[in-house]
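Look for subunit A in each of the two complexes below; its partner is subunit B in the first and subunit C in the second.
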Partner chain A sequence: MLKVKSEKFETTIRIVLAFVFSFVLFGVVIAICGHNPIDAFYQLFRGGFGSKFNFGSLIEDFIMILTIASAYSLTRRIGYFNLGLEGSFYLGAMFSAAPAFLLPDLPKIVIIPISLACGFIVAALYGSICGILKAYYNVNEACTTILMNYVAMFFCDFMINNVWVSPGSPIPQTPRVQENAMFAKLPLSPSRASTAIFVAFLVYIFVYFLTFRTTFGFKIRNVATNARFSDTVGMKSKRVVLATVMLSCGLGGIAGGLEVLGIYGSFIQNFSQNSAFQGIIACLLVNNNLALVPLSSFFISFTRAGGSGMEYYTGISSALIYTVTPLMILFVSMEKMFDYKRFFRFVRKIFVRNKEMNVKE
Partner chain B sequence: MLANWSEILEKIFSYTLIHDGFVATVPIFYACMCAVISRQANIVNIAAEGIIMFGAFFGFAASYFTGSWICGVLAGMLIGVLVSWFMGKAYLNYKVNIFVVGLSVNMIAASGTRFLLNAIFGANGNFVSDKVQAIAKVNLGFLNKSPVLSSLFSGYAVTDLFIIPLVIAVWYMLYKTVWGLRLRSVGLNPMASMTAGIDVRKKQMQALLLSGACAGIGGAHLSLGYSCFFIEGMSGGKGFMGMAAMQFGNANPLAAGVGCVFFGMSQSVASRIAPWGIPNQFVSMFPYVATTLVLAITVIIQRMKRRREESALVGKKA
Partner chain C sequence: MMKILYGMYPIDQGEIFLNGEKVDLSKYNTHSAIKHGIGMVHQEFMLVKEMTVLENIILGVEPTKRNSKMALDFTAARKKINHYIENYQMNVHLDRKVLNISVGEMQRVEIIKALYRGADVLILDEPTAVLTPQEADKLFEILDIMRKDGVTIVFISHKLKEVMAISDRISVMRGGKYVATVHKSDTTIPELAKMMVGREVFLDGKRSMVEVGEPVLQVKNVYVPSERELSKNRDISFMVRAGEVLGVAGIDGNGQSELGEAIAGLRPVEKGEIILGDKVISNKAPHYVRDCGLAHIPEDRNDRGLNKEHTVTYNLVAAEIGDAPFSKYSIISEKEMRKVSEERIERFDIRPRDPRNLAMGFSGGNAQKIVVARELGAPGKKLLLAAQPTRGVDIGSIEGIRRLIDKAKREGLGVLLISADIDEILALSDRIIVMYEGRISGEVVNDEYLTDEKLGMLMLGGEADAKS
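Entry: the complex of A and B
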């Protein structure tokens, strides 16, 4: 028990060290580009927390990122590399919007669950394609999910250009959803942050309980560690994998629904520019430690909001911050790289050797 | 109606399709070689996409600053090797999950090139310049009299043609040299090859570096030979199509080449269907759908085959 605790402590230290290292790198790059790094950091913080609007846009991102990170965490646990969340994000957004503008006006409590459920189902079905291929035929999922993402994106593009067209809008998009389907806004007025944040937390808690407090979660964790063992015990690992993938993609669809019903009010062309990958980063950043996922999601959404603030005020492209966050994943996962204990041992060795040499002399 | 259809088909499947299809195939080919070499060493390298992006950007930049496409291609290759070296360090020395490494590299490449484009050229999203020298095209003047022959054999970029010796060389290296035998043994059974005295980690590193070089050249070809500009996200899933082709060919470079040709052809056929009233989105979707479908079908067939072989050896499985 003690050992586990100290291991956890070491992991935390390692994550902190990786963060510090990447931010130093970030500062160095900014300095090379001829800007003042301290000013850039100041603007980064101001972009995240400077005003009601900035904090609001941070929360906007946080809703989506927390949901996707929770969804991703499920499949990460069974070793399925679910890059298809981007596609399910798109499809979920599209098909959550669909009932909200197709159905007649309904009360809030009815239409929002219908919308989200619709997005969930479509996204889960989409996920099942790659899930079946992986679980029953062992087709490499990193490949199929990425390729299917393009299919999903082009499909949505087709729908908003030909089937569910909103006439007279400059950017292709679906008709606006009914007013009742929109989540109420949080009191962060100029920004569009909405009460969808509670749904996001609900999803997170659901995933947490599912993984650690239910039979199904027990199965997931077992299949993750030893699929053959769980097959022998009678868990039907293939079915568990498929169910997990579908659930994960479905939750990714809910993230899309929250985005549309919370922020935009209609499905807009290219509304997500690979933003689902930010959620994946948030999950990988803490090595799939579910307890830390909200924290890392908050951090990632801070970098997103702050990055655009920094770009606005200092002219440093926000792409830099998107480069630093995946680097952080690498640094966090390179366990030995930030092994501070080894470093201390190394330092002590040098000192001891010097002392010995002094004694000899 | 029928005459109309045959006319359309004639226009789609004319002799120019071979030229266009081959040109569309080449970037996928480079990615595929990257995937093949690393797969033979038992590494699932999903970073081809990212390395192609890096290669495309640095090749383009080198050509911009030196005014020579050879420097561009070399720069692309070099950056490919560098990125793979970094990946190899992370995967082999620091034991990071290879998927995580690959995904990070892909994401770093996608946003890193965007940042560098902004920082170096001050451009947002895309960049075209007269200073960039494109890869030289091989024009066979004596074929000009016949449009068919000149379309078939002339007007390819040097890197287009380079793919043919490259594929053969990769095949030769993997299947006809001692180095290749050892590499494949590492891929098949690392423990056994370790016992036989092969430095597994070193072999895997070599494979990664080589595959990085392939993908790097592919990237430089994408921005200098295939087209002469740089757009963010210009790789557009080609790295993953290459991986799909690799699985199609079961990591044999020649068989995988067949897959590459199919995917490239499907791309150029799709672009020819466009004017006949089929929605634009379905046209763009077509190569991805075709790739996924073919990949799924081949893997299922391979699996059934393997099962049959297994059952002949071990006896019927209950």
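Entry: the complex of A and C
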């Protein structure tokens, strides 16, 4: 009979195998393009870890990706394809910045929570639109969330061009936030990596704890696998879906807040450029196995930072490194391909047959 | 197994012989099964509801007119089909939509469909599960004529009475394995039951007599909407008292499922009132209804009854997850869940015992026991709503589940038993109401004067005054 534990173990192995395979494939592609793969890998690592600045920019990405991946994991579990995280990322960023430049100077301990909470609430409300449509009217979320992303982005554009204008700046952005609202920098200058990383880990731990240790998480996991069952045993599945979507988008908003308060200091037009999708990919990469999400987030941020390093040193286009992650996702989703147990059985069979032959001889 | 024979599942190993010839298994599929003359009537009918009976029958093998490949030749088809209808004295309306015909008629359509494709081996999978006794008798007559015509019939059923009535030879299977084949004349029903279970069974165990108490469930003039016209509940009223089993009989699809869902809070109530204990539960959320003391064994255990992708433990405590001791301040305790589930597994004899197993690996009987254990294992229950509690369950577990329902009655619960299986209703109920086209067509006391025929009359919408 199937047991939960062995299943988890299998997925982990599968992911590792997918990882190895895609890197081998990546090496082959580089070789075909006429470069030395070993050198490319070396430069990739240098790009990620070579200097304080490189490692710092890796951490910059990591903060955002880990938060988004944790947020996405919630909705992924209930089968809700939450592409709206990009929108909540924008809204969260702008509305986290808003209190920080509108309110008078406040101590750090007060203004940062206020800012993040503000971003969280606005992003959650934004998420509730698609959540209600999905839960109560069964409208496909892939459609609504993508459309709502544009609504969110253009709304932010409108705000920074008309309401919260920063006069005299070359690109449209909000006024700068007060100095107290900014997270302290990590000792990785000249990069902009900040102590927001602790908040990112807090979000991750919160999601993990919520999913596996609370009644709400229990409900999420039940609604995820069988909503009709959940209804029957008295869970309000629709409400669970809505709450999960709102929470997820809210956490996406916090990711935006961390970006503004950790790195930029103001909301800048088009600051994201689909970076929320990197978080989504980090979650997909490990098949929504929460325990591995930090690792995969770290890996994605490594390919981003390392990729630009590699491009700089070897001339291999950084676009190439971005093909690795889709390859990995592809491999992870091909469950049957990495059915290692069958592989072992196959190997054993060959060995046994050889032994038998030896005995016969 | 029959689905393998019909080519719906691939074959791992072995050979099939048909009319003395070996069949090429490498390319064996449904299509070649039909070509070899195998026809199958599935337990769930494979009909397109929005099309007429005629269209359903010719679907896939449409006859075309001679001069054009595109034009359907309905006249020829009709002629051929009418031939079967007359031959076997089947009552089928060719021009009605399948949506609007009765279950018995659908089954006859399925049989004609198989014959129309030239089947000389007809496989019937649990054909009587959805029929009234009268309809079943009629079906047996048809099958009998067909047998005399030289059609081979494979009749799959877990109702031993029927098997004995219709078959010449009987093969017994248990747990996916072949046990034995016997001639009808050489065996008896108890002997067959023994073969099926591997030990003696007592299905017709006497139900216990209990002093009835206060009413626990009152249903007053309830109207429940449904997607199907015949299943809409209209003006339903009855009550269930503590310590009694009220059976709801009726052919599937006459509104019993809707009634059950309405009571469980899964379906809105248009008009009327449902009262459980002293609280109104109509149009309330399932959670509230459960808190009022409802134990609910849902009709479809694979869908509503169990979460197949979770462990036995999770399935056993899912309904009470918000209560102590499973959670405190919304933080769940896996330890407590494990402890209680181990206790329930032991108490309700769920096999295998390990609570970490996933629910999807269980056989029908043990899976249903998980549902029963969750519902009856929880404290503070007043009413047990059991919908088709032994559907698709092996005969050994049927016995066990029926005993548990009887035990619940002895412990003072009111039981509302919804079942399409008349034998089950008769074995367990103290009183019986019969539903027909969404109405209660009669209420009878289950005593020695009650006969199958009388119940069958009510199930077909006859009057209750056939009291003789």
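One rule holds for everything that comes next: the second predicted complex is superposed on the first by the 331 of 361 C-alpha atoms of A that agree within 3 Å, B and C clash if a C-alpha of one lies under 4 Å from a C-alpha of the other, contacts with A are read in each partner's own complex, and residues count from 1 in each chain.
Following the convention adopted for this analysis, contacts are C-beta pairs under 8 Å (C-beta built on N, C-alpha and C of every residue); 3 or more make two chains touch, one makes a residue touch a chain.
Every value quoted in this text rests on a predicted model; they were computed, and no experiment measured them.
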item	value
Touched partner set for A:Phe158, first subunit B, second subunit C, both or neither	first
Touched partner set for A:Leu83, first subunit B, second subunit C, both or neither	first
Which superposed partner A:Ser333 touches (first subunit B, second subunit C, both, neither)	first
Touching partner for A:Leu106 - first (subunit B), second (subunit C), both, neither	neither
Contact breadth on subunit A, by residue count: subunit C or subunit B	B
First, second, both or neither for A:Asn140, with subunit B first and subunit C second	first
Partner chain(s) touched by A:Lys219 [first = subunit B, second = subunit C, both, neither]	second
Of subunit A, residues touching subunit B in the complex	33, 81, 83, 133, 137-140, 142-144, 146-148, 150-151, 154-155, 157-158, 161-162, 274, 277, 280-281, 284, 317, 319-320, 322-323, 325-327, 329-330, 333-337
Of all residues in subunit A, those that touch subunit C in their complex	1-5, 213-219, 221-222, 225-226, 228-236
Subunit C residues touching subunit A - in the complex, by the definition given at the top	264, 266, 285-287, 289-291, 296, 298, 303-311, 314, 318-319, 321-322, 327, 330-332, 352, 354, 356-358, 360-361, 374
Subunit A contact footprint on subunit B (complex, rising order)	44, 46, 49, 90, 93-97, 99-105, 107-108, 110-112, 114-115, 118-119, 236-237, 240-241, 243-244, 247, 279, 281-282, 284-285, 288-289, 291-292, 295-296, 299-300, 303
